[in-house]
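Shared chain: subunit A. Partners: subunit B in the first complex, subunit C in the second.
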Partner chain A sequence: MTEFMRKHKGRRAFLSVCTIPALILFSVFMLYPTLNIFIISMYKWGGYSQHREFVGLDNFVKLFSDAKFWQSFQNTVLLIVIVTIVTMAMALLTAAVLTREKLRFKGFFRVVFYIPNILSAVVIAAIFSAVYDPSRGLLNTLLSFFTGGSAGQVLWLGDQKVVIYSIAIAMIWQAVGYYMVMYTASMSSVPESMYEAASLEGAGRVRQFFSITIPLIWTNIRTTLTFFIISSINISFLLVRAMTSGGPDGSTEVFLSYMYKQAYTNSSYGYGMAIGVLVFLFSFALSGIINLVTRRDSVDL
Partner chain B sequence: MNRGDKLYRIFIYVVLILFALSIIVPVGWVFLASLKENAEFYQNPWSLPAGLYFENFARAWQEAHMGEYFLNSVIVTAVALGILLVVALPAAYVLARYKFGGRRLLRTLFMGGLFINVSYIVVPIFLMLVDAGNLVGTPIFLNNRFVLALVYASTALPFTIYLLSGYFQTLPKEYEEAAYVDGSGYMQTMIRVMIPMARPSVITVILFNFLSFWNEYIIAITLMTQDWAKTLPVGLMNLMKAQNAAAQYGQMYAGLVIVMLPTLILYILVQKKLTQGMNVGGLKD
Partner chain C sequence: MKRFVALFCALILTLPLLASCGTREDDKDKDSDGKTILKVAVLESAYGKKMWENVAAAYEADHTDVKIELTAEKNLEDVIGSKMKSGDYPDVVHLATGREAGLTETMIRENSLADLSDILDEKVFGEDVSVKDKLIEGFTDTAATHPYDDDSMYMAPMFYGPCGLFYNAGLFAQKNWTVPTTWDEMWELGQKAEAEGMALFTYPTAGYFDSLMFALLCETGGVDFYNDCMRYKEGVWEDKNAREALDIVARIASYTEPTTVANANNDNYLKNQQLILDNKALFMPSGTWVVGEMADAPRSEGFEWGFMALPAIDSDSDRYSYTYFEQIWVPENAKHKDEAKDFIAYLYTDKAVKIFAESGAIQPIQGVSEILEGENKLFYSIYDTGAKPVLGGFAATDPVEGVSMTDTLFGTVNSIVSGDKTVDEWQNAIKKANDSLRKALKK
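Showing the complex of A and B:
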């Protein structure tokens, strides 16, 4: 064996040792389960029984006439729209203020705003349950203090018309800080000279925000938007499961909580996974649409 | 400074302070509530605790088994971080710095993994582990802390590899060349020279994944069905349900503090690293 060949062989072995464990773990615990979502969705399979019957696309046909599924669809879309718009607006504005203005305690604000992001979804659910409690909650007692104690009590988690917005507030509370920190980072790389030039030409703060800051960090906004929407589908599930379990009467049921419920409470794995497939397709389609809609000629620094 | 400017600044401060209060007040309130006696929960929630009722913590720790769950969480988080680093570091290094057949495929796979959310695949993972248990004859893969850690590590691989290989790519080639000239082998070069150089990104990876493993509950609640095997967030879910039934408010808030205190302490210690680390990664799951 020549020196070159031995070295070459060593290289192959080294590369294999380095990549194969990661590939195995990834395949077993991510790739295979993902493929399984699609496979199981075509079976009728309940409970722990070994009996699995292939039913083709029956589960999907059933889904289209399942009113509860459509309700969870509606709730998910509503949450995505509200939470995305409000979170993005708040994160961008606070980030712009914290990078552009000469303020005191900037570091303090940044540290505090990021706190919700390090808390478990269960912790956030517990905190908001305490805030929203109808008679002894922080929010209602605060409101009654301002209105002189006579205000009708809002059932933040009990009123079917209100509860979805209560969840939205918790989601926004959870997310703003993280995206603010991220935008602060990219905004601080915008050169000061651009703002100076704009000031000289008489552009005010608002104008600078829309004509300089936003276009220059647009690439960053685009990427975060896609990930934000995917993670919203996830976080809405985590919070709903711990806070309301989809109730009252399905008014906070979201995609994944309905999927989980079908799979476990109802023991119909096939049906549950059919929902999973649709959620998958939905989030991919949505990412695609967002990518298209937000396409701009990129501005290079 | 003119009048409009002054008003504008006041307005900004008011908004920022209100926003900060909306975070500090509820989180701080939980700490205060964890020291209240049960009777105090029927009074105004804004009142301060009458005394320091640490009994809540003792009861949460023992009667509600939060002590055991704490230990489970520590074990699972530590083992998961260990597995993750051992598996992800070499893979990230090799993917960032070597050209070989299959590299593109591997990269695409792991990149695609960034889009797979654990909440989607938790049901198939559960079914797979049930099936594997049937195959062996006993359900040894459920209620198994090592398996839970393995699942955590695996689902964190795409993000971790993405972040680490991004960092490895920025390191200059000269270090490896010098090591090879000195007669150091591939493995040795990686372990002795390159991985130590990636320390900043390794710390970032540990921080982010510590938080996500410690806080995770949907996989844990699915795979850990027996009481003794539960992790802290799952135990907290139990306490939340129990408080409604048995009015054990103090205990519940003590449990809440037990879950979030480690993450808050870590955050205060390393908050600079955490918020800067995001610029290295740019995104998270």
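Showing the complex of A and C:
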């Protein structure tokens, strides 16, 4: 063995030892629980007792014919689509305005936009419950101001056709500020000279936004998009639980709220975990697809 | 490198083993004085936890060989649930059915409760009477104590209260309205109230229709019919009596205050209860806890709580009121089952009953009405003034994935009120749930 190889081997051993702590933590807190969920999803089990009955893929078969599950699936997808599009558009727009335009009180706006993000879901739910209140709420009072008080009240949390959008609005309000700050950070690293050159060539602000800003922060948008979609599955659960408890009559049930109801209220822990597995696969697939369709050649300066 | 990966995988696989060995280590049976440690877990509800601390202290004073480790939490399921998953069970649990986390239901469905039948014949501590004779008759032969429809009691009855319709008695006096005793009078009153800009009805959340529906089924079809419904008997929801009950609820829905649905969730239900205090709606279904819940709420002038059983179908038929009670139980895997039963029997002593009653928690004990005061006297006298009690609830089944009778039967009321579903659709959905649950009924 040459001197070089021995050295190399020692280095590899050292690297392996260094990664062990991280690997152990990752396995104990990520791999093992995830594996466990996959295993439990194949049992009929209430969650507390020692009686577990192996049922194979039975839970998944039932899941595919469970109308309430599909309703929660639809609601979740609807929320993901609406909330993602609107939040991303608003975050990019406000970020562009705050970095590119000469505005007074820029710092103030940044703080104001960011505040919703540090509030907990329960506080947000309480704020929006007050905004949506049918008789004394901000929205209906505002509406009656325009209609002269003649039109009927809108039941923001009571009308089954409206309520899911009411949840979406709360989610957007909550998320815009955070992503705005992320985009502001990357936008301010775009060199000023590019914009100068562009305006000398006669490009307007809109053109600059689409041809310079967006391509140059594309990597950032891609990462945040995936991150955002996964986190909206969680946030929608928190808000739904605090605001409507999935109601009225299941019209705002989302993935995780339905999973909770099945795993606990309905004593079907195994079935709940089967929902968990589908949510896991769904988010995985969705991130994969997003990653694929947003792939562009990176623009280097 | 390969060897390293293999070793690592093996290590991961042994982890759960290690974890399961570790949990029992610190589980102590006895404290340093050799006293048995009895773990009592109770839900801290509107009654507060002080009364439990006092009862535990009284028990310890009378039983010097036992030390009580009391856990009283508002989110009891979260506190004891994870411990139970890892095999650490409390000895006594006071937690009723009907909670969102469904811990008690899960214990029933999984046959994980200890048989408590022998408590009934036990003598109450320091008194010359058995538990059975001390309890009001009827409380220990319902599905809420005997979930498997046999002779064994798995849950003992604790705090109870009548459910019915609450209203503002002051308003009825001011307007010179008589309180309706039949549903026809109810609908007439609905017209009168509408003329004054008030709605006839509101409800906190759709879940509150359980007590109303149970009493209503007794009114339309009698107690046997109600029991058939609770046992998921075949075809019972296609019966004309069932349809009549559903139609009455649909009629109630048409008289419901329009903003009710928007607030009928865990976050905003108090706004619906406020409608009664503000004279915007006349009646709501609830239990006696509502008085405490709304104690600090602003109210219209001359407001006074009124409470009645459901109106009758016609003037010569019976009126019913559902009696709600909380249960106390012992997990099958508890360590000190005998001590646990002894503790439960102690809860029916005059001493304990008095401590509970001081916090407003009333147990179904013979002669309890004599120690009641104020509004409680009115509420608990409902059965003395002609209304018949309804007890129990749906029979226990194995869990059926994706099927929930309470969601179908009560949750749908929101859709009936908003007009998103018809009574026919509702009836069909109930029938379907009924069919799948019957197959899972505990034998």
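One rule holds in what follows: the second predicted complex is superposed on the first by the 269 of 301 C-alpha atoms of A that agree within 3 Å, B and C clash if a C-alpha of one lies under 4 Å from a C-alpha of the other, contacts with A are read in each partner's own complex, and residues count from 1 in each chain.
The definition used in the following text is that a residue touches a chain if its C-beta (ideal position, glycine included) is under 8 Å from a C-beta of that chain, and two chains touch if they have at least 3 such contacts.
Here the structure is a predicted model, which is why all the values come from computation and not from measurement.
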item: Fit or clash - subunit C, subunit B, common subunit A; value: clash
item: Between subunit B and subunit C, more extensive residue contact with subunit A; value: B
item: Subunit B versus subunit C as contact partner of A:R100, first or second or both or neither; value: neither
item: Touched partner set for A:A185, first subunit B, second subunit C, both or neither; value: first
item: Contacts of A:F26 with subunit B and subunit C, given as first, second, both or neither; value: first
item: Contacts of A:A242 with subunit B and subunit C, given as first, second, both or neither; value: both
item: Partner chain(s) touched by A:A126 [first = subunit B, second = subunit C, both, neither]; value: both
item: Contacts of A:V111 with subunit B and subunit C, given as first, second, both or neither; value: first
item: Partner chain(s) touched by A:F14 [first = subunit B, second = subunit C, both, neither]; value: first
item: Segment of subunit C intruding into subunit B (one of 78-86, 96-104, 150-158 or 366-374); value: 78-86
item: Subunit B and subunit C contact sites that coincide on subunit A, given as residue numbers; value: 23, 28, 31-32, 48, 125-126, 129, 133, 242, 264
item: Residues of subunit B that touch subunit A when the two form their complex; value: 9, 12-13, 16, 19-20, 22-27, 29-30, 33, 41-42, 44-46, 86-88, 90-91, 93-95, 98, 100, 106, 109-110, 113, 115-125, 127-128, 130, 150-151, 153-155, 157-158, 161, 185-187, 190, 211, 214-218, 222, 233, 236-237, 240, 252-253, 256, 259-260, 263-264, 266-267, 271, 274-275, 278-279, 282-285
item: Residues on subunit C engaged by subunit A in the complex (per definition of touch); value: 1, 4, 8, 11-12, 15-16, 77, 81, 84-85, 100-103, 105-107, 109-112, 205-206, 258-268, 271, 333, 399-404, 407, 411-412, 414-415, 418, 420-421
item: Contacting residues of subunit A [partner subunit C, same complex]; value: 12, 16, 20, 23-24, 27-28, 31-32, 44, 46-51, 59, 62-63, 66, 68-69, 125-126, 129, 132-135, 153, 155-160, 242-245, 247-251, 261-262, 264-268, 271
item: Interfacial residue positions of subunit A with respect to subunit B in the complex; value: 10-11, 14-15, 17-19, 21-23, 25-26, 28-34, 36-37, 40, 48, 94, 97, 101, 103, 108-116, 118-123, 125-131, 133, 136-138, 141-142, 173, 176-178, 181-182, 185, 220, 223-224, 227, 230-231, 233-234, 237-238, 241-242, 256, 259-260, 263-264, 269, 272-273, 276, 279-280, 284, 287
